[in-house]
């Protein structure tokens, strides 16, 4: 898996870091809601999937028992909101035995150094 | 047939705990067992809120718990100490605290931790769902 | 003979360690909610202490897109199977 | 002088987050800065409950937030989407949902996530307190 | 640190396992409340401090900012409720660089095997 | 140059690892709430990634009985010091 270079990172207005897995809590859903609203307000929004947040990107997710919605329908809406700067921690993926080919969206894997540079480069960052 | 009790620690719409508990409760009662009581503790007390207003396409947790009471007589016990500080009050408690509104109504009952101890000692099974 | 319920992802290493300390030789572990991720082969290390007496809840697997990814040593159970585990084990403790 | 905004995710009386946030807020306003707004999101929305009834020897978090508004004009913004499903309703929202009670009153305001984005973009600092 | 033998463990009616640290959340406080109420109802109650729960036993704890109560006043009441079966995971202590001499209550350290035996031996266990 | 706030005990290894990945060479880390336990010498391993640019909040230390136990490499700050860190760092992110 080749990680992108730091120089390839286009600056955004807002970076949302997603660290929680889907379904078990509302963190991920509420974080993506902030991303969608910020984009609707005309901000350039980037997303970084880190830690257990990478599980949000697995293919084949479904609604849970009792109709509990997942976050995959929200992620499918990102393109409509022009949110196309999607990054993932390469370390988080490999620790979980996952590769970018298994993911539902085209995300760019970042080395640890690039994760730090990404967060340094963005004017506003929220972690969920 | 076994007598079950549940202990729910998780707030609604924040963690899966309350959904998992309601789902398990449905399985208990439709499998011929008796679900005697559900005790709501910690942030689980928010499950009892009569003001809960989820979007129409999402499960309404408080109504789910109420249905268990109506159909199977399950007691819905809300820890009063955990509830009062978090803003869960019956009409009686609202009066006592000089408040004009309340948000806990029958079949939910505010009660003491003794009822949890009782549920643990006097049922065949106590299953906990935490956030 | 206890049934242990666990709902945290395998990144929550402390709860897996504490549960490992408490796990008896005839106990069973059921993975629910975010603990389903521990059923992936990549997480097999955190389950080593539980000697193959491990089940995982099907509907929580399916919602997370994990249905085809479970380690072969782990038993997949539906809600009836979850209930059956609580029937056959007199006591059930939940780790979180 | 800097303009501060806070984002509070933690439920009252479950995690330290709301206490830490209120403590930080007091320090901001007594140090000559301006605390423009506090945005309550996730389980933090429960901080706005007018029914919160903690024991008398414990801090009353909702009153602590209200005091910030009264003394320093801090806006107390409650995410409406996070609040409605968790049972936090103003009188208007209670009417709209056909409910006789409500538990969100001024100076707390139900508002959209756009106000959080606005707080992030238009203040010098946004500090988050999570459970 | 010598751990007690399994044969020294007297059976209780209720075992409360405390895994969360004080102050950061209400888990510990609400768990101890259950122990006190169970004891008041005439049950023999034992406590096991495990994981971050061992931090509850540190000497010198105080109220927090804004008057936030800790759990040390509750623990001081255990004796009054005849709760004197207090165990601690020896592994949890040593991982945190702590020893039993530094603790505010006389607790018996348990080996990992003894922790498992303790939990097997009690009819009712709740984890907080 | 960011200020990172952290409130989890050092047993929450995943958040320390993710924060370590994001931590820049000129960043500062402030330990609050249950992260105060990371200021004990026994936890120094989890802080290795943060190169000595670490503070801890005094009142959260004191309430936990940790005031006399802090590693010498860590700076103890009061609430004014917490505020001062947010004044000198334009951006602050919170890890939990």
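Each chain carries a letter (A, B, C, D, E and F) given by its place in the written order, and its residues are counted from 1.
To be clear about the criterion, a residue touches a chain if its C-beta (ideal position, glycine included) is under 8 Å from a C-beta of that chain, and two chains touch if they have at least 3 such contacts.
Worth saying up front: this structure is predicted, and the values here are computed from it rather than measured.
Enquirer: So which chains are sitting against chain A and chain D at once?
Expert: Both chain A and chain D are touched by B, F, going by the contact rule given at the top.
Enquirer: Select, from A-F and D-E, the pair of chains that is joined by more C-beta pairs in contact.
Expert: Counting C-beta pairs in contact for A-F and D-E gives the edge to A-F.
Enquirer: Roughly how far is chain A from chain B, centre to centre by C-alpha average, rounded to an integer in Å?
Expert: A distance of 35 Å separates the two centres.
Enquirer: With chain centres defined as C-alpha means, what is the inter-centre distance between chain C and chain E in Å?
Expert: Centres of chain C and chain E (C-alpha means) sit 26 Å apart.
Enquirer: Taking each chain's centre as the mean of its CA atoms, how far is chain A from chain C in angstrom?
Expert: The computed centroid separation for chain A versus chain C comes out at 27 Å.
Enquirer: Send over the residues of chain C in touch with two or more other chains.
Expert: Within chain C, the residues that touch at least two other chains are 7, 11, 14, 33-34, 59-60, 79, 91, 93-94, 96.
Enquirer: What residues in chain A touch two or more of the other chains?
Expert: 23-26, 51-52, 64-65, 68, 124, 126-127
Enquirer: In chain D, which residues are in touch with two or more of the other chains?
Expert: In chain D, the residues touching two or more other chains are 13-14, 16, 20, 23, 42, 58, 82, 126, 128, 131.
Enquirer: Every pair of chains that touch: which are they?
Expert: The set of touching chain pairs is A-B, A-C, A-D, A-F, B-C, B-D, B-E, C-E, C-F, D-E, D-F, E-F.
Enquirer: Taking the touch rule as given, give the residues of chain B at its contact with chain D in the complex, in rising order.
Expert: Going through chain B, the ones touching chain D are 11-14, 42-43, 46, 49-55, 58, 82, 84-89, 93-94, 97, 99, 101-103.
Enquirer: Considering only the defined contacts, which chain F positions touch chain D in the complex?
Expert: Contacts found on chain F: 5, 7, 32-34, 59-60, 79-80, 82-83, 86-87, 90-94, 96.
Enquirer: Can you check the complex and tell me which residues of chain F touch chain C?
Expert: It comes out as residues 11-14.
Enquirer: Going by the contact rule set out above, which residues of chain F touch chain A in the complex?
Expert: 1-2, 14-15, 17-18, 20-24, 91, 93-96
Enquirer: Per the contact definition, I'd like the list of chain D residues that touch chain A in the complex.
Expert: It comes out as residues 7, 41-42, 81-82, 112-114, 116-118, 120-121, 126, 128.
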